[in-house]
Every structure is written in C-alpha cells, then in structure tokens.
Amino acid sequence: MAGNSFGNIFRVTTWGESHGKAVGCVIDGCPAGLEINEGIIQKELDRRRPGGRLASKRKEEDKVEILSGVFEGKSLGTPISMLIWNKDVDSKPYEEIKDLFRPGHADFTYWVKFGIRDWRGGGRASARETAARVAAGAIAKHLLAKFGVKVGGFAREIGGVVCNTDGMSFEEIVENAEKSDVRCPDEDAARLMEEKILEARREGDSVGGVVEVIVKNPPAGLGEPVFMKLDAYLAYAVMGIPAVKGVEIGAGFRAARMKGSENNDPIIIKDGQIRFESNNAGGILGGISNGEDIIVRAAVKPTPSISKPQRTVNYRKMAEEEIIVRGRHDPCIVPRAVPVVEAMVAIVIADAMMMQGLIPRFL
Amino acid sequence: MAGNSFGNIFRVTTWGESHGKAVGCVIDGCPAGLEINEGIIQKELDRRRPGGRLASKRKEEDKVEILSGVFEGKSLGTPISMLIWNKDVDSKPYEEIKDLFRPGHADFTYWVKFGIRDWRGGGRASARETAARVAAGAIAKHLLAKFGVKVGGFAREIGGVVCNTDGMSFEEIVENAEKSDVRCPDEDAARLMEEKILEARREGDSVGGVVEVIVKNPPAGLGEPVFMKLDAYLAYAVMGIPAVKGVEIGAGFRAARMKGSENNDPIIIKDGQIRFESNNAGGILGGISNGEDIIVRAAVKPTPSISKPQRTVNYRKMAEEEIIVRGRHDPCIVPRAVPVVEAMVAIVIADAMMMQGLIPRFL
Amino acid sequence: MAGNSFGNIFRVTTWGESHGKAVGCVIDGCPAGLEINEGIIQKELDRRRPGGRLASKRKEEDKVEILSGVFEGKSLGTPISMLIWNKDVDSKPYEEIKDLFRPGHADFTYWVKFGIRDWRGGGRASARETAARVAAGAIAKHLLAKFGVKVGGFAREIGGVVCNTDGMSFEEIVENAEKSDVRCPDEDAARLMEEKILEARREGDSVGGVVEVIVKNPPAGLGEPVFMKLDAYLAYAVMGIPAVKGVEIGAGFRAARMKGSENNDPIIIKDGQIRFESNNAGGILGGISNGEDIIVRAAVKPTPSISKPQRTVNYRKMAEEEIIVRGRHDPCIVPRAVPVVEAMVAIVIADAMMMQGLIPRFL
Amino acid sequence: MAGNSFGNIFRVTTWGESHGKAVGCVIDGCPAGLEINEGIIQKELDRRRPGGRLASKRKEEDKVEILSGVFEGKSLGTPISMLIWNKDVDSKPYEEIKDLFRPGHADFTYWVKFGIRDWRGGGRASARETAARVAAGAIAKHLLAKFGVKVGGFAREIGGVVCNTDGMSFEEIVENAEKSDVRCPDEDAARLMEEKILEARREGDSVGGVVEVIVKNPPAGLGEPVFMKLDAYLAYAVMGIPAVKGVEIGAGFRAARMKGSENNDPIIIKDGQIRFESNNAGGILGGISNGEDIIVRAAVKPTPSISKPQRTVNYRKMAEEEIIVRGRHDPCIVPRAVPVVEAMVAIVIADAMMMQGLIPRFL
C-alpha cells in the first residue's frame, strides 16, 4: 500500500496538491555523511520549472527548503524533508469547469476513487507533484555520482520527429540536450520538434513524444529476482509518471520483431572484463544489470489540456457538455518530463545499489 | 525488498529452480470462503505447459498440489501453499556449458549478483518459475470472476506478423485464441505466425512478439496515486516476466505520436453512466481505472536459447568461446507467455480491488 | 525498511530533529471525506506539550500547520502533510558536551550507526520527534471516533506508586487523568506520584513508570495472523516509543504466573452477543481482537537526562570523563508519554480496521 | 499487509494448518554461498518437537525437506522453501467440540475474522505453525554464527518459580538449559518447575512462565529509527508468538521502578573499546544495539487447553455450554517455546544486520 511512497531502502514519500499550500517530499534511507545543499536540488528543479517559449505560463520560483536530515552540510541518515511553497496559484480558470471532467485527465477517476474532488488545477494528479520527485531525484543523482554512476536524458521523439544520436557520447547527448529548448541533442530534429510544438499551440492542440534516459556506468548485479527485477522496477517507476503510457528497455518493442540471433548480445572480453558487444538488452538480462549502459524509454502522451472544444460530462447535472480547458498549459510536456524520468530512474538505481550492498549506510 | 513476493493485500511468493525438486507459491491474503479446487488451477497450468508442435520437448505433467489454506473446498483466509514437482528434469545438456554464459540469458548476471551459479536449466531464472505465477494467477482469476471481472489474452504479434481483432468481442478473441496453436484469434495471421516460428526453428533461430491482455468489466477507481498507479503496477507486474522488454497501456507508444485532440477519449453518458467514447487510455486515467476495458501489451523478445553458434565467454578460463545451446527450447515463447501475462495482470487487478475495498476479507 | 514510516494502509512517516528547523509527518492512506481541522490536532499536541510544574522548561508553542491533503475542511484521500516549527531551540547546553555520550541516551548508538553526530538536543532521537506521532495519532483518533472507537490512557504507575482504577468507567478514568498533573485518575496515588517526581527533581534524579492505554469499543476481528497479530503490532508500535522498555497486553506478565483455569476468560452470551466474562486476554486472542476492551501497558524507564554526575566517555579523546547533563528535562516523562502511547495505539487500531475492511476508502 | 511474512531483507513466509497436509516456510533474502543442509534445521526442529514426560503426546517426526534455494550444499540467494509433512494427525477430539469456542484460544476470533472455521486442532492458530518459524530461525542462527553472533534461550520462570543465572556464562546457561526437561539452567529451580507442571497436569490445569533469550556478541548499530527500532522489532517478533502476552528488554518493567541514576548504564572504555559497565538497557539504546548482550524476555500464558470444565458458547445454537478440551496438550509450553523465541530473535538480528550492511549479499 502507501501509494505515495517509492523505494525500498532509499525511500521517497511525496505530498502536496497543485494549488495547495506547498508540495514536498521526505527521503528515508539516504546514507549518512553525504554533502547536501539546496543548490544541488535547486539546479534540478530549475530544469523542470515551467518557463521558456514553449512552456506553460505558470511562474513558480520553485525554491526548495530543506527542513531536516542535514546538519553542517551533511546528511544525518535521518529523513530528509524538503518543501516547495506553491506561490503563483490561480484557481480561477478551474472554478468555471469544476463540475466538468477534463478529457484525458484524472478528474473523473479521482472523483470515483475518493468520492471527493479537488478541482483546483488537477489537485494531487497535477504534474506539479513531480517537482517533489525531482527534488528527491536530485539527491539520488548526487549520491550516484559519488559512485561514478551518471543519469542523463533527452527527448528521443516529439510530435513524430525522431532524433538521431548515433555517434554521440553520453556526455555529448546530455550537454546538447540541455542547450535545446526541447531537450533534443540532434539540432535538426530539435528544430522540427519546435515547429511541431508551436504548430500544435497555434491549433489549440498538443503533441506527445518519447523520453530516453541513459544510466552511464552502472554496476552489474542490480535488481531483485523474480518480481522486483531491475527492468520491472524501472517500468514501475517510469509508468507512474503522469502522462506516460509505455515503457521499454533497450531494443524494447523493436526486440519483439527481431530474431534471437540478432537480438542476443554477444558476450566478449574487453580490457580483461566480461562485457557485451551490443546492447539490445539495454543493460539488463534476466532482470539484473549486466554492467552495460541502462537504456529506458518512456512514451509520453500529448498534453490532455487543450483549448479546442471537447465533449465531456457535467457530473452535477449528469449531462453531456462541451469543455474548453483554459488554464496555463504546455502544448508538449516532453522537454519538462526529461528531468522527471531521470529523477525516477536515479531513485531506482540508488535504491537497487543499496539493496545490493554497493552503497553503505554511511559514507 | 523480498523480490520473490508480489502484491500488497493479495500477495504471492514464488520459489523453486528449474531443475530443483519442485516449484511452488504461497498466496497470502486471499479472501476466506472462496471455493477452490485443484482443477481450477490445473486448467491454467495446462495452458502454460510445454507441448504442442511449436513448443519445447520438456514433458512436465505440471500437476499442482494444494498444501494449505483450503478446508472442505473453501479458502480459509490463511496462506494457500501450492507445489508442482519437477519431474522431467535433464540437466545433461547444461552440464556441458556450465562454464559458459548463454547470450541473452541471466547466466552472467545471476553469477555477478549471487557469486554462485546454478547452471541446471537456468535455475531460478528459468521460465519454469512462471508455472508458480500461473498457479497463483488462476486463483486471482477465479476470485475476479466472482465479481464479474474477466482477464483474457492473446498473441497480438509474432515474428513481425500483427493480428487484427477489429470487430471481435472479448469472448470471441479469447475463444479463438485458445483454438490456435499460437494463441492468435485471427486465423490468417495465426497461419503466418506458425510459418515464422517453424522457419525460425529450421534455422536454429527464434522469434519474438507481443502479448495483449484485456481486463473485461473492471471497476473504476483502482490504482494508488502517485507511485502505485494502476498502470505503473501493471508495468511492474508484466515487465518482471522473463523475456518482456516493453509494456504499454492502451494506445501506448502510438499515443506519443498522436495529438491531444486525437488521443483524449471523449466523456459521454451511456445507459445513465459516465463512460468514454473511445479507449486510447486503455482503461486508465491518471493511474486510476476509469471503468473501460484495461488493455496491456507486452513486448516479448525472441527466445535467447538458439542452436546457432554464438560468441560468449568461459568464465573459468576467462576466454572467449563459441556456444551452441542444446537443451529443449521453444523457438517462440509468445503463445506460452499469454497465460503468464494474464496471471500477473489478474493478480494486480485482484490486489487493486482489495486495496480499494471492493473485495471483502471473506465472501 | 523505511524505519521512519509506520502502518500499512493508514501509514505515517515522520521527520525532523529536535533542534532542526521543524518536525513533521505525512499520513498516507487516510480515508477521503473526513472532516479535519487544525484544532483537532492542536488539542492533542497541547496534551503532549512541555509545560506545567513537573515538566521541562522548553516552551514550544507546538503550533501545527496542515500543508496538504485537506480541502474545504475535508480530507482528500491524498497525503496529509503536517509541520510544526521548532522555535524555542537552545543548543548551547549541548555544545559543551558534544564529545561526550550521555548515559541512557542514543548518542553513542546513533554515532555508531550513522558515523555522524547531531549533538543538538538529541537530534532525531529526541522525544521531540513524538510531537509528529501525536499529530498523526490525533487524526487516527478522530477517524476512530467516527466508528465509535475511543482511545484513552493514563499513568498506571510512577516512581513505584501504582494507581487503582477499580470501579471506574473508561470515561471516568480518562477525565480524571486529564485533571491530574501526572495523568493519574486515582487522586491519592496521583499525590504520591507527584511527591516522587518532585523528590527526584530535588535530587537531580528521575523516575519512570507505566502507561496504560485502553481501546474502548473496538470491533472484533482485527489483527493479521501470524506475524502481524494485533498484539504484536501494538507491541511494535509501543516499544518503538522513546524510553519504553516493556509492553504487555491484558494480564501480561501477571498471566505468566496464573493457571490456565484462572487466566482463560469464560465465553458467555450477553445481550445476544458472544462476549467474555473477564478480560485477562486484554481484548486479544490468537492475535485477533475479540471485541472486549484492548488493554496495553508500557514500561517507561526513568528519564536518562539527570543532573547527577555520571561516568561516560569522550569519544574524541577516547577517555573516560564525568558528565553532568544540563539542558531542560522532565524528571519524569510518564505523564507526557500518555498521549504518545495513545497516538501509536490509535494508529494501529485505525490501520487494523482498514486492513480488515471496516473503514472504507472514503466516508 | 501480508501477515504471514516477517522480515525486510531476510524475509520469512510461513504457511500451513495444524491438521492440514503440511506446514512450511519460504525464506527470501538469505545470502548466497551459505552452507546449508537439512541437519542444521532438523537439530532445531527436534528441540521444539513434542515429546518428553512433560509434553503433548502428538508424535510428529517433524522431518524437514528443503525444496529449493540450495544447490551443491550452498544457498543460491534464491528462495529457500522448506516443508514438514503433518503425519500424526488426529482430528477426532476436535470434531466433538467443533461448534464450541475453546476459552483462551483463537477459535472465536478466527471465526469472526474469516467467517469460516477450521476446527481441526486449532488450524492456522495452532502452535504447530511455529515449526516453520523454527526451521527458518535455524538458518538465521546458522548465518549469525558465521559472523560470531550466538542466540540462546532458557526458561527464566515457570509456574511462579524464578531461576537464578547469576555467575553463569552464556555458554553455561545454554548448555545447562538444554540438559533440563524444562529448559532451565538452574537445577534447583528446574526441579521446582517440573513439580509445578506435573501438579498442573494432575489437576487438569496448566501453568505459564517467562522465556529469556540472549543474543551474545551482537554488533552495535542495529535497528532502524524511529519506528523499526531494534527493541520494537524484537517486540513485534516475540509478541507474535502464540501465547506470549508481554515482552521486555533488559531491565524491562523493573526499569519503570528504578531511578535514572540506577538505570543508566555507565559508559566506559574496556580493552580500548567503548562499552557499558552494566546492562539495564539490555543491549539497546534509543532503539539501536550498543554492542552489549541483547536480552529479551517473553511472558508466556498458561496453555489454554485444559481438561477442567470451562464455560463457553456453542455458536450454532447460540447457547452457553460447558467444554472439556481433550486433545493432546502440554500442561506448560514454556520449554518448547524457548526455541521458538530464539528463532524469532535470530531472524530479527539477521535481518537487522543485513539492513545495516553487516552481512553481504553473498558470502
């Protein structure tokens, strides 16, 4: 149970509604002795923050405050509580449609599940909740970096435009992606993606895409057979991000169309180490990491909030009505989803390393 | 932790190695008062059992024995322990290659993780472990049926051949699939799929595919925000099945290429109930079931055991070698994977219904 | 894992150090639709608050702030985050002894476990952490009251003085206890207890005692065999409170000296219901509640912080030294421990009722 | 949830009814590479087995069979499944009273909880279930021994007779206890205890007592603040054993009557190590082990099955009736409870050591 907590040893609990007082998280199980300051976290929050030509107009400062678990710049091994106040909240546009269920949103399902409705900006189902995940993920990434493991992501596809990263190193991919408004390291594709997004905005519509995240330099041996396999754990983490409708590892759905002789990665010796010549497995075999890069891709659906008129139901009147969703929405959330997927992947890898005994209880 | 357990209230623990004495499972949390007999479970095990023209030659009777939790034909609410003896075990072909890691298998990763190797038929990483899942899933399915919920699956794609189910009802899909050797309800596609499989076998190769599972008539309100969303939970369940490399819900990866106006399912009133006109969401919005059919698809990689020579490493000699995997293997495991995916989906839905309070502690 | 979380369905996570910025908690799994306001919580916090003739001189206002999970006065079913700022913090007296381990405290063990020391007022091991438990427990109590279940406690024993409640009703016990500075409903005993406490203070010493908590009107059927029995769960909850060294249910250790014929509670029919004539079982048989009052007792050790000189070790010098613990400490924490034990018991009962399906997901 | 599982990393699931086919357990999370054979487990089971002058007449061979998780004499890191067939089952005496609830037993509460009754010998609530715990505990003890940690227990008190162990070493206590029919290391007390038991048997009555278990040489640093403190975890483990009504650590309830200056254990340097001069804390401070012996005591109620007539209810007739419990019962279960308490304590310590990273994933 406990749907708002994630992780086994490195365990994150998030809380907060979009238009409530604040959002936040508590990390239980972070090793003691890790240098932590708010800057590390702020950097990642700023990557997720609304803003830019292509994004929503909600202007949140998203300033994180650490309330516990850190003393004299180091983690204590006790829970790290972090808080981000909600400041630029405008519930007005939501009030008008508070009896209507927005198509593609969780309005209807939350109402069925909880018998009550927080109509203010999507409430707990809002993507604003992911700010808390990013804050927790920042600490996971920071912890992983101490052990030489890096997590980076980019927009692999937006609005049907697929990017090409052949020949790019992990570092190039990550750096180039950060320079781009759409978080795509391939400049040509990035330009086309922007066009797709701006076109969708003009039409009052939206587009989706695919986020890819790479774990560079992971240790072999991560993942718990048979149910908490590393790929299963990653799928759980990533499919639980708002708007994600598909997850794949390595060759993924493409593997389903390959022959065994094509898909199997030959095992070789390289620099005196057992390695794999190709990486269709995406770094995971039998649910356990094999030491190669871990590759995860997430299918992100188009933003459900669109200004085109849509058919829906007014639940108080129990009548069909037309809805036009105003509010402040991104025509494409893929670029902002990148740090969120990274955060969830980082938490999984940090937790799996702790489970495997590769990160001690104190540093 | 506890990688060999799955579920929250309806919780399954499996155990057993491919060539050990037996495999089995323990279900904790099944409601009391449910009529249970071995026939219910045997029926599902027989669907997963090796055999048929297209399958491995291991001839396991797979006879299940219930050891606890059932008294006078009814569940007691106490743990249901089930056991299947391993009978037709032949470890000989594995002994020859016990110092080699089979490409595409978990041999290397288990060795790294556990520092020890059970070379007999894949040990715990063998697909034989899924017999225990199917036994547990049979009880979950049986429980769901009491509440009017059905779970059925089929081969959506094999060796690149995609089947078409347009216009078929759930019952037609399921019944037709069961009549087919490849578990495909579309006769034309089924024939082509068989050809692909037999061709792969002739070449000493293998093919993969896509399994689709449908939950018919699920209640709305299932799934726990924000991490244990129903789709996240299903992804966890399904990605943890051996050979699965991708999972999608509803339109899945296709949704990433749609516009918001195309992907959003209009909300309507039908027979006095709030329903959805289309089902791109695959029955899940904001991680909570919306009452429409739940659609899950799993990408299954081609069987890694192929008789073609492959490059690998002998870890005792730390030298590269060629391997030819003999043993008894299916050139395509997709048909046998169908009941396994069904089982995992059924366990998730049963558990989610119990979490939501829709199944009582005793019937 | 996740040592800072407690509960299964009704699940509480606490955070915060004694002299950090704040302490707080997150409740995940509280049913939706419960009327909640800060007054309900403040009332319980005020009962635990330092103050009074017999208590520590730290003057915390302990004002609770609800940050999420409540909208228009009702719970949303989403996490309820609560925060209490630490205001009257004076770390000075602790700085002097920051290289010494206080006997009877967790200074040494936290240092061994985490390799780092938060010497400010006991850090996470401080009893201040229990403010967050009381806040969470207030909501559990409030929820239970909706279902006719009450939780009340008192000081059964202090400094060797045992109180007598024979002939008092639950309501009398609870009301009389609240009127007394030592939370003892028996006026004569209360007077003697106060004397013991004041005597200990004069000597620079401290006394312990026994807290008793009664659950009035609990439903039968709570508790999960075989490990999460209701008594086991209560023992887990109560032994985890700072300073508790023993827990017993019903006749408890006294039962170990009885004969079966004395200890067994006869089963009778009363008002058409199956009931028990006596209650040596303390309301729990075979780990499951039997419908009678649940009786839990906790042995509370004397406050370890005393101003008498004690022998200890300076870990930087690795030398034995004498320590005099100044700070602001209660010579007896039993009265203030009462609401803390009540809080933990209430959380267990609320959680067990939800597990048994006796409290729905929304009210 | 999952009341039939126990532990976090070293996690045990038990199953089986008293008069069902078998009882058993599955251990998930035992490190790989541990030498395991059935003899290790059989030895502990034989200690718990019915028999002897003072015990029940049920004659179970209690022969354990390992079904998985061990290969070539070593643990694989995969689940260890163990099974003990129920052979000497005689449900006859229970059939006569199957509509009556035995006082002091779980008959009534299981019926309320599960709405169904397994009247055969107590079903799941029978002490027979503890055979599976002892099997799992045997492996935990064996694992601990590899790390120099020993777990031993004895009858501290039976029928009001308290034993004296002053001046005895851990080894003497354990060895002397094993030589005694009542598991009491103090010969004089043992004799008196036997008399009390035989007297109770003659009267058709029963007696209870106190089991004490000592963990010798535990590492400091075990236990997870703030809820899963080591003492809380031990209390959970031990209170969940059938018939236990109280648990205490170190001075326990006696501490409640001491002054702080008496109860605090002075901290000293001994052989260059930080140690404690006395051990009122029972090896645990602030919920974390301090390196001294861990002392746990359990209050065991008198066996509820007595042949004296007792008042109870026939639930089919809803009428009060007299019951005489025949069956085969021990007039005192304290001696047989000793290995059960040891088993649970061993599992807790093994799990806590794994959580603290002091036992690796493979040996």
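So that you can tell them apart, the chains are marked A, B, C and D in the order they are listed, and the count of residues begins at 1 in each.
Following the convention adopted for this analysis, a contact is a pair of C-beta atoms (placed from the backbone, for glycine too) under 8 Å apart; a residue touches a chain by one contact, two chains touch by 3 or more.
Please read these numbers as outputs of a predicted model, since none were measured by experiment.
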{"item": "Same or different contact residues where subunit D meets its copy subunit C, judged by the half mark", "value": "same"}
{"item": "Cα-centroid distance, subunit A relative to subunit D, in whole angstrom", "value": "46"}
{"item": "Between subunit A and subunit B, centroid-to-centroid distance (C-alpha), Å", "value": "26"}
{"item": "Subunit A: positions in contact with at least two other chains", "value": "1-5, 8-9, 14, 78, 113, 124, 225, 355-356, 361"}
{"item": "Touch-based graph of the chains, sorted into line, ring, star, complete or other", "value": "complete"}
{"item": "In the complex with subunit C, residue positions of subunit A that touch it", "value": "1-5, 8-9, 11, 13-17, 20-24, 26, 28-29, 32-33, 65, 67-69, 71, 74, 76-81, 83, 113-116, 118, 120, 123-124, 361-363"}
{"item": "Complex contact set, residues of subunit A against subunit B", "value": "1-6, 8-9, 14, 101, 103-106, 108-110, 112-113, 124-125, 129, 157, 159-160, 200, 203, 205-210, 220-229, 231-240, 242, 244-253, 255-269, 272, 274, 277, 281-282, 284-291, 299-306, 308, 310-313, 315, 318-320, 355-356"}
{"item": "Residues of subunit D defined as touching subunit A within the complex", "value": "1, 9, 78, 225, 355-357, 360-361"}
